[in-house]
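Look for chain A in each of the two complexes below; its partner is chain B in the first and chain C in the second.
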Partner chain A sequence: MITAISWKNVWRNKHRSMIVIVAVTLGTVAGVFVAGMMKGWSDQRVDAAIYTEAAHLKVQNPEYLNNEEITYTIPNYNAVKTFIENQSNIEKYTSRTKVVAMAATSRGNTAVTLKGINPDDEKKVSNLYEFIEEDGGSYFDVDYKNPIVISDKTAEQLRIKTFRVTTELIDSLKSLQVPENVLALTQEYEGRRFYSKTKFRKAFESELSKSDARKYGALIAELAKNYQLKAKIVFTFTDMHGDLTYQSYRVCGIYKTSNTAFDAMNAFVLQDDLARVAGFGPADFHEIAALINLDNSTEKVEQLAISTRFPEVNVMTWREMAPDAAMLSDIMDIYYFIIMSIIFLALAFGIVNTMLMSIMERIKELGMLMAIGMNKKKVFRMIMLETVFLTLTGSLVGMGLGALVLKITNVTGLDFSSVGEGFEAFGYAAIVYPNIEWSFFFAIIVLVIVVGILSSISPARKALKLKPIDALRTE
Partner chain B sequence: MKVIEIKDLVKIYNESEVKVHAVNGITLDFEQGEFAAIVGPSGSGKTTLLNMIGGLDDPTSGEVLVDGTAMSNLKGSDLTDFRLNNIGFVFQSYNLIPVLTAKENTEFVMRLQGKNSKECDARTEELLKSVGLGERMNARPAKLSGGQQQRVAVARALASKPKFVLADEPTANLDSKSTETLLDIMEKLNREENITFVFSTHDARVVNKARRVITVEDGKVISDERKNGGE
Partner chain C sequence: MKKQIIVLLLLFAAAVNAQDAKEIIKKMDDKLQGDSNKSEMKMSIVRPKYTRTIAFKNWSLGRDYFLTYVTAPSKDKGMVSMKYKKEMWSYTPSINRMIKLPPSMMSQGWMGSDYTNDDLVKQSSIVEDYTHTLIGEETVDGRPCFKIQMVPNPDANVVWGKILAWVHKEKYINLKAEYYDEEEFLVRTELGKEVKTFDGRELPSIIEIIPAEEPDNRTIISIDSIEFDVDIKESFFSQQNMKRVR
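Then we have the complex of A and B:
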């Protein structure tokens, strides 16, 4: 009965209640959306950290961590490898050699870590091969000698990535029905070559009207992008004997992940190609990267198993290799809770205010209710339930809408690439696929009920202070 | 059997310099089944007296016993629960909960008492039929006339099976026809249920319906007459 009265009381002043309900709805949608975005982001970062960059576990020579010397290979490699192979929780692993090298082309140079890999093993542990750019060649699927896969970032630094207008580009612009003046300008640019997107766009767009620049600038720049596959890069590094060595590799693939720092550092060549020039023996490897089967909560167990058996090697989990991602995934739950709490704290003011108004309008009725025998506990319960219903209605609608928005954006993704370069520098994707766990909604419901109860305290106290005769006497 | 005993009841209001003796030494008893009117001009202390009988106000001195229980010994929720189980109230206005139907309003006190829905349904239907609103059970107060609303209030006051019903000027806002109907209904229920009714009024037509008329002036009882048959 009291529950029914409370629910009906919510709708007494429909206009006023709707304002609160709409506010709570919007607040909840915003909260769900922001939380979903954070979660999507964090999940993507963790996924990238594990499945692209670091794997679950990495075995290295402890000395290599302090000093990336080519000679610090994994001690006792064959025994370690066999041990890992026999761990029932590890099926996928790969061994890599590493060389810190200076890369140079006729137009640019940069320092990278050359990783000698075996593509078949590597694909099992790292999904980097899925990040080969469109028009960016292939992941070692070539028949020429000494192929190398470098990042878009490295390509830019080595000026292997260019921007230029080709006849094909003009043809495709024609089919896209780009305005005449834009087309004319594009034709003027035919043959000119730029080494960075920014420079190309700056030059090109300065000759366009603002609105045309906004509409076509990015598109044309993207179409003008061109990777010079098969370009030769010369690497200089110190080999196993301490001698300076040169080796040239031909670009076969360009990859781009959402972590610019990772991209800038890593280039991949075939293990045998590297071993030959660097002087690696059959048991000379710098790291073994492994993925744990099924769930990744056993990584610590495996870490302990390996490092106990082989105290001479260093074993790191992805949590140690990508501490930012690990921390993010750990604090995510608290994060949502803080976001939602802030939103509901702000909403609570409105809720309290509305309830106070509602109580003030009903003083006489409350006096009557107390006079005919509704005790304080029941009055309190009535007001508390009323506040909870008021809050819960909006938040349920908000959760529904929020879930819908997440469901849609989870498929389409949210493109932050206009500001995304800043994120990618820290390893965060520019396109976010928001995502949320069901338990989050459960937590919101609990939070809403708590907020409702807390918000009802002040209005309820106001009501409970009333003496029935005074209340009945008011006009 | 005495349902209400009032002993030397005094209520003094101390607002501003002047002390107001709203009730100034009243001693009265009410038996079960009485149908009594408290009559007097405005400001004579009727409301103050009824409020003290109903446990809504504390006397300055003296006491009120309901069925032998001293009201002054009860505090807070105990007092509220005592009112719920022993006293039915009809006020001049604002008797009903606007969001509930006539039936739900009547049922409300029984729900507070924790009665089950079967019992509630039976009693509310019976009472609403008695007050002539069998057809309007699902109407909300806003859809009822003032007289009909007061009839629902009377039904509600009786729903909890109280020892007595207090009604402070229940007809003050009603036209004469509704006043007559309401009084007839109250009288009928008083006989049928053998429940004491104490109501205040300054309306002579209402006074005529009472079987006992207590006249107060300046907080004192100046006459207390009983009629036989109540005509």
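Then we have the complex of A and C:
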């Protein structure tokens, strides 16, 4: 009875109620969207941290953590490996060798960590092979000796990534029907090389009219990107005996993940190639990375199992290896409640205002209701329900719209590439795929009801203070 | 039959040719190196905004040992770099520190020049690590030269795609060398100028290194004196001596 009256009351002044409902709707859409974006972002970071960079668990020599010396291989490797193999909850694992080396080409040099891997095992644990750039070769699918997979960032530092005009570029521009003068200029640039996109664009666009530069500059620069596959890189490092050694590799693939810091440090080569020159024996490995079955176990349990059995090795979970990602995944739930709470706090003032107005308008009516015997409890409940209905309607519509927006953007992705470099330096993807769990919507409903109840207190008190006699006499 | 003979002759000629080119480079290399030598040089590092000149003394024995003592400017005076087989050591007297250069420092320019530490350590490979071909004869500054193309062997740990060297026909002096990357773009040019006689050997007294893409930058090495086949023992190249040498 009271519920029905409340619901009808909401729609007595449609105009006023709709304003509040629309405000709540927009607030909810914004909140859901922002939370979805944050969630998508942090999920992507956590996914990258586990499935691309660190895996769930990593076994290392504890000394290696203090000093990345080539001789600090995993003690008792074969026993550790067998133990890991027999752990029923460890699904996949791979062993890697690691060498900190100086890379040099004829034009540039940089320091990288060479990781000696076995591609078949590696693919099970790390999805890095999915990040090979479109025109960046392949993941060890070549027939030449000493192949190496390096990152886009390393390629840039070693000047293996260049910007140049090729005949294919001119052909593709022709098919895109680029104006004659732009095409002619492009042809003039054939044979020249630039080491950065900015330099290429600066030189190229200075010779174009402003409108042409804006139209075609970025496009041509993107098409002009060129990786020099098969380029030779000479690495210098200290081998197992402490001697300085040299080894050349030829680029077979270029990868690019969303974490520039990771990219800059890691290059991948075949285990056998590295072992031959560095002098690794069959049981010399620097790390074992493992993925566990999360349905039956947690990384903490497995960590404990290995480190109790082998106290001489160090076992780290991804939470220790990528603490930023771990913190994000923990803090995110709280984080979007803070966002939602702030939005609803602001909305609450609007709701209180509307409800007060609605009470003031109905003083006579309220007096009448009380006069014919409606007790204070019922009056309070009526007003409270009215407020909750008002907010709940808005937020339900808002959640529907918000979910729809998330569904769409989850497929298309939100592209922040124009400012993405900054994000990627921190390890966050430039393209975000917003995502949210259903439990978040239930939490919003609870939050909305609480907000509704709280903001009904002031209007309800106002109504309860009325004396039926006075109320009836007001005009 | 006739054809076969011609083919054989051609092959033979090619073989002789290759042998010749390698011989030339080897002679050139030996001439510069000697069994042991002691020299004084100046190196000017020319950059668009400044020029820095460093003077130093060198001692070397065979391919494995090499020691450099900086005499000027006074700020750097006393700094010693030593190559000991495959290692490179450095001593800085102002902080009394002796370090073995880690791989990370090997690709840095030596004393800020266009020469890298790596160039110093690996300098012997010019004969063994390349396939040499005589591709013609040209004149450099009016002097007749062999033009020799050096392509690194597939397994050689060399960053260059190829090197072109112009070697003086009679004196076996390197008057010009061009270093190319793997895509055949010029990376840097080395010029040998002002041939003088040092201890009975004729050598260019000025070596200029010009990076192709920054023509305003260059490194100029001028040789003040060289003595060949001096009496130095292996024991000269020790950490103790790095602190003592003057």
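In this section, the second predicted complex is superposed on the first by the 451 of 475 C-alpha atoms of A that agree within 3 Å, B and C clash if a C-alpha of one lies under 4 Å from a C-alpha of the other, contacts with A are read in each partner's own complex, and residues count from 1 in each chain.
The criterion applied here is as follows: a residue touches a chain if its C-beta (ideal position, glycine included) is under 8 Å from a C-beta of that chain, and two chains touch if they have at least 3 such contacts.
Remember, it's a predicted structure, so these values are computed and weren't measured experimentally.
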| item | value |
| --- | --- |
| First (chain B), second (chain C), both or neither touched by A:K377 | first |
| Which superposed partner A:I150 touches (first chain B, second chain C, both, neither) | neither |
| Contacts of A:L369 with chain B and chain C, given as first, second, both or neither | first |
| Touching partner for A:F237 - first (chain B), second (chain C), both, neither | second |
| Chain B versus chain C as contact partner of A:A278, first or second or both or neither | neither |
| Touched partner set for A:I469, first chain B, second chain C, both or neither | first |
| First (chain B), second (chain C), both or neither touched by A:R12 | first |
| Contacting residues of chain B [partner chain A, same complex] | 51, 54, 56-57, 76-77, 80-81, 83-85, 88-89, 91, 94-95, 97-100, 104, 107-109, 111-113, 156-157, 160 |
| Chain C-touching residues of chain A, taken from the complex the two chains share | 100-102, 104-107, 109, 111, 145, 193, 228, 231-232, 234, 236-238, 243-248 |
| Parts of chain A lying in touch with chain B, wherever the complex brings them together | 1-2, 4-5, 8-9, 11-12, 364-365, 368-378, 468-469, 472 |
| List of chain C residues in touch with chain A within their complex | 86-88, 102-104, 106-107, 118, 121-122, 154-161, 179-183, 185, 187 |
